[in-house]
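Note that subunit A is present in both complexes that follow, paired respectively with subunit B and with subunit C.
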Partner chain A sequence: MKDHLHAVSGQVIAIGVALLMGAIIILMVGESPVRVFMTLLRGAFGDQEKIAGTLLQTTPILICGVAACIGLRGGMFNVGIEGQLFLGGFAAAWVGFAMPLPAGIHTLAALALAVVAGAAWVAIPAYFRARYNTNEVVSTILSNYVAVLLTSYFTIFLFKRPGGWSETPPILATSYLPEIFAFSRLNWGLVIGLVLAVGVALVFRYTRWGYGVTMVGSAPKFAEYGGVNVKRQGFLVLLLSGAVGGLAGGVETLGVHHRFMEGFAPGFGFDGLIAALLANGSPVATIFTALFFGALRNGSLLLEVDTSASREIITVIQALIILSVSAQVLVRKRGDSQAGERRWKF
Partner chain B sequence: MLSNTPGSPTLHSNAAMAVELTGITKRFGAFVANDGIDLAVRRGEIHAIIGENGAGKTTLMNILFGLLQPDEGSIRLNGEEIVIADPSVAIKAGLGMVHQHFKLVPSLSVADNVFLSMEIRRHGLIDHAAQVARTRDLSKRFGLQVDPTERVGLLSVGIEQRIEILKVLVRGARTIILDEPTAVLTPQESRELFQTLRSFVAEGMTVIFISHHLEEVMEVSDTVTVLRNGRKVATRPTAELSKDELVHMMVGREVSFDRRPRASLHGDVVLEVKDLWARDDRLLPALRDASFTVRSGEVVGIAGVAGNGQTELAEVLSGLRPASHGGAWLKGQNLTDLSPAAIRQAGLAHVPGDRMVRGVDRNASIAANTLMGRQHRAPWSRGGMLNWNAINQNAETLIKSFDIRARGPSDAVKRLSGGNIQKVVLAREFTDGADFLLIDQPTRGVDIGAQEAIHDEIMRQRAAGRAILVISVQLDELAALADRILVMFNGRIMGEVSGDDADEERIGMMMAGVAAPEFAAETAS
Partner chain C sequence: MEILDKLINVALIAATLRTTAPILLVALGGSFTTKAGIFNIGLEGQMLVGAFFAVLGSIWTGSALAGVACGVAAALVFALVFAVLVVSFKANEVVVGLALNILAGGMTISLMKAIFGTRGSIVGHGIVGLPKVQLPGARDLLGSWAPLISGFTPLVYAAFIAVPLLVVCYNRTRLGLYIRVVGEKPEAAEALGISITRVRYIASLLCGLLAGLAGAHLSLGYITMFTENMSSGRGFMAVAILIFSNGDPLKVLAGCLLFGFADAFSLRLQTFGYPSYLVLTVPYVVALIALFALSYRARPRIIAETLESMRKLLSVDRNTEPGGKNPQ
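Right after this comes the complex of A and B.
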């Protein structure tokens, strides 16, 4: 319990420091920090439509965050969630517009292909990691660029909607993820995200597989000694992480845009990763950190209307949070240098 | 002067001494790494400092080089007292240190690395040609063969070490400290290094050389200082010493042969090791042609100075390292074909020597730690789901029966003391119903009270008919526990001694690599 409190207090301090530094920057551009933060709050939670909008932004961040948590648990740093999201999004759109199926089944088929696309995309770095011990951080980061440009190519040259923007034809209504309220595009994707977060936490805690993966991430030599196949579990964990990353893209396509377009979900993969880090790799805690980032994103829409601050200030605050969270990770890592092999300490 | 007692070297210190350390004490918390060590190194000699792992060799040299500050004691260089606040002071005073782990820039050339931070400049730019020329001069003069223009990233470890030595020379060192220099070298490279060290001495320089390998100390040094448990045992001219004297000084003469009482049990052969070879991480042969058996109800001990193949033997038997030749059969199943999980299934329990890395997950709870290795079996898991009730209850029982000082099963292992962490490992491994127990360093870093308890437990396991292999660097521990003691040296089993008439002279001889004919005859029979 004391450990939990200690961990939570660290994250709160990290966010606090980031907000404080953000406030100083807002002062420097001649705005009132209080006004900016109040506007953000109003923009994120001001009325039911705004709350629904915040939850809509939270959904992809949450699913990407869960994807990152799965990797972190097994000691794998999947920085390629953004790319997996793009491929998943495209795959779902393709099933949506090119493959007429009955309602319901259509949605499931599209989500299934999104999952497969995400897993297949991360399988390349995962294979090299397991076979040649290639650093997965570098290879997954680089795979993002290929994924984003590859989906752009598909969209512009192979599946472009005649006469329109750089986007695919709209998906059939049979493949939509149903909306929850009449007044918002908020859809069942949020429920998928919540169930996934809780489900993954339970799998880690209560299954034999989860136990093995946790040990691989936390003490790989101990896991090897105890008979866990460290390489195979590392590969599986990355594959699963990528699958969930692909799912995030599918949910975004089927629930929000109803088509695939270039740059359809900018930065959700990275926001998810940060949310997972801020949550110490805990899927349940990621629900709250994802909500925080979703609120920042949604609140910022009102920022340029009501204040003289640019909404880019949100990006600045996010960057500051990344800095203070990683500083905290480093500080704690130094205090625990005996941990040895482990590269990331959560 | 902090200490100037009669008889200490400082009284008759003179300029013929390159280095004089007096009464050096260094504590890390409650642990005393160096305890009042005096050391005098004559100018122009090769002075070896020898001792087992953890004897305090590296700490002492780090103090001399200014990387650590002593809690007590003083340092004189060439007869003059000096405070070495940091390595730059040491370098100015003519000291140079070659560390165990090299600090080179892989993308730069050899010459650029040698002159890093003290580049030769011409018109404000680096004069590469001059750097290459000076590096070449030095490397010729001392037989340190390197190509100054080659990129460091492409070179072998042996050559990297030469570059480190060149760095030290370029900085004007007259006294060179080498920390375990041969640990990373092939035998061929070691011989070349010794040539170089002799050429230093021929030019009037001084070499201090840390090692735990007897052979090379005997071969290359003029004087030996032996450290044990943070204290100096003796400083003696190498020529006056024999190898087994050296071993006794390293491991301690006061071996107490306080044997555990036992009934003799003649069980079946559980483990049979035959012609087993294995390589170490550098792919050099580390285990050579080992053959032995362990019967049920028998404790077989493996003695030897640390680093003579014991670790590799344990790793091969537990599936963590491939065998390069030969085999090991556990109840008829060849372990060398099996994964760690399958070997556990076949009946191995393993208490690893590297407890903190291999034996536990420090961040996890006691309960989660006691689950490892048995998570595939009922009642701990069914259909892939863990049964935390059973796991926690079992952990609770183990905490009681092994007297682990903890608040409960959910306590994180990192909160426990070393002895209690070892008890967690033993509790897990001894209660899994395995027929063969492989116990590497049962009581390393464990206090006396816990040692007794651990030895009691091992004897109980013996009485229960388990076949037990104990690897230890502590002779008295083996003498107390083992029915038979095998002695390893340089990867080979030098011979066997019965536990009942364990004779430290004979064991010491074999630990030093001397296989007397009668021992060889014994092993053959």
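Right after this comes the complex of A and C.
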């Protein structure tokens, strides 16, 4: 418990330092930090619609964050969640507009194909990582660019809505994820994300498979001597991470946009990865970090309207948070061992 | 055949050299960190801030050279932050690199909005691009092949000249030797009294220098403008090259020429009416295939090394056993 408290307080201090540095950068771009932060706060939690909007932004970040957590637990950096999200989003849209099915089943089928698409997209990098130790960071990053261009190609050259501009036809209403409130587009995707986060946490905590994954991530040699097939485990971990990344795209399509378009959901994959890193790979903690980043994102919409700062200032703040968290080694006790740590731990 | 003639000609080779230069510069920069044993995924961000501040400097001073200096200075700051966090604080290099890339993306867009009030790109505003260098006598010497060596911006020449310089640096200078020792056998370096920290800092800063030049070349040489995220994955391709070349300058050159060619070829295909979205994936797909294919090729070597080290381990055990713990 004390360890937990220590870890959380460290994270909070790091966020404070990052906000301070962010304030300096905001001063540099000629805005008042207080005004920017107040606008962010108002934009994120100002009234019930704003709060619902924040939760709406939180959903894909949370699901992508869980995807990243699965990878991180198994010692894998899945930086390709962005690409998996795009393919999952497109796959779900395709089922949504091209295959008339009864309500309910339609949604499930679309989500299933999104999951398959995400997993398939990471399968090649995962195979080479597991079998030949090809660096997964680089291969998944590069595959992001291909995924974005490929889905754009599908959208614009193969499935363009007649008369529309770079978007697919709208999906059928039978495939929608139902909305929770009347006043917002907030939908059951958030529940999917929450259940997924808790479920994955439980799997890691209570199942043999989850324990094996954590062991492979933190001490691969130990896991191997303990009888874990490290290569197969690594492959499965990346595949699962990609599947969840694809699911995030499916939820975004079926719940929010109801079609696939160019520039769909930009940056959610990276936000998810950052949220997972900030949560130190814990899916439950990712719920809170995703909420934090969702609030930043939703607040930034108002930022663009009410101040002269651009909404990308929140990307700067996010990056600063990660940098200052990673610098925490400074405040860590000297006796703490470096050797047995997971390779992604700060 | 005619189509092939149109696709592959002197202009394409010259275009290849032009597209190779930025990725070559940044990959050579990464060669320093790779050799020093640092996995530097932050090349992309260093290149991006280099490109942005080069444009800014060029506008402020009205001089392309000062622009390049500004770009390099910005990239050096990023490289310094990277080094402080990774070398001194021993933070995770992938996390720091990715965060710096994200920071670079957000910061350049925010500053662009703050200074120019626009999103997307900076065009005009009095950006002074780098001049094209016409080598005297090139036309007499090579005739219609002259575009292969003449008419490039200075940083293209710098990129290709840097290759032999790096070879000399690694093989003939003390610094190069130190960098290699620190990367390959840090324990040996420590035993020799070489400061690992200092060498890694120097390598990181040299990397920032070249990444900054690469960025400046993108925005002042390759084209004269800045657009959001204009490095568009070149830094990551450079990292892919570094992984399979292990940072050896000549192999880096070979890899960069391959990607430069893929890049130039895809630009060329676009003008022939192929769907641009598919054609634009070509460089990334080439990078991925090269990465996978070469890691597949490296497989037997890894096994051989493992076998060798196991044999060594076993023989050491056999040697020490009788004399040590098990006296009979």
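A few comments on the model shown:
Here, the second predicted complex is superposed on the first by the 329 of 346 C-alpha atoms of A that agree within 3 Å, B and C clash if a C-alpha of one lies under 4 Å from a C-alpha of the other, contacts with A are read in each partner's own complex, and residues count from 1 in each chain.
In this section, a residue touches a chain if its C-beta (ideal position, glycine included) is under 8 Å from a C-beta of that chain, and two chains touch if they have at least 3 such contacts.
Computed from a predicted model, the values in this text were never measured in an experiment.
With subunit A as the common reference, subunit B cannot sit beside subunit C without a clash. Set against each other, subunit B and subunit C touch different numbers of residues in subunit A, with C touching more. Once the two complexes are laid over each other on the shared chain, residue contacts for A:Val146 go to subunit C alone; subunit B is not touched. Judged by the touch definition given at the top, the superposed model places A:Ser326 against subunit C, while subunit B stays out of reach.
In the superposed pair of complexes, A:Thr315 makes contact with subunit C only, with no contact to subunit B.
Within the superposed three-chain model, A:Phe270 lies in touch with subunit C and out of touch with subunit B [touch as defined at top].
Once chain A of one complex is fitted onto chain A of the other, the partner contacts of A:Tyr132 are limited to subunit C, with no touch recorded for subunit B.
Using the contact criterion defined above for the overlaid structures, shared-chain residue A:Met76 touches neither subunit B nor subunit C, since it reaches no partner.
With the contact threshold set out at the top, residues 338 of subunit A are in contact with subunit B in one structure and with subunit C in the other.
The residues of subunit A lying in touch with subunit C in their complex are 25, 28-31, 77, 79, 124, 128, 132-135, 137-139, 141-143, 145-146, 149-150, 152-153, 156-157, 270, 273-274, 277, 308-310, 312-316, 318-320, 322-323, 326-327, 329-330, 338, 343-346. Residues 41, 81, 85, 89-92, 94-96, 98-100, 102-103, 105-107, 109-114, 119, 232-233, 236-237, 239-240, 243, 275, 277-278, 280-281, 284-285, 287-288, 291-292, 295-296, 298-299, 302 of subunit C are the ones touching subunit A in the complex. Interface of subunit A with subunit B (complex): residues 3, 206-212, 214-215, 218-219, 221-229, 338-341.
By the touch criterion given at the top, residues 318, 320, 339-344, 350, 352, 354, 356-364, 368, 371-373, 375-376, 381, 384-386, 388, 412 of subunit B touch subunit A in their complex.
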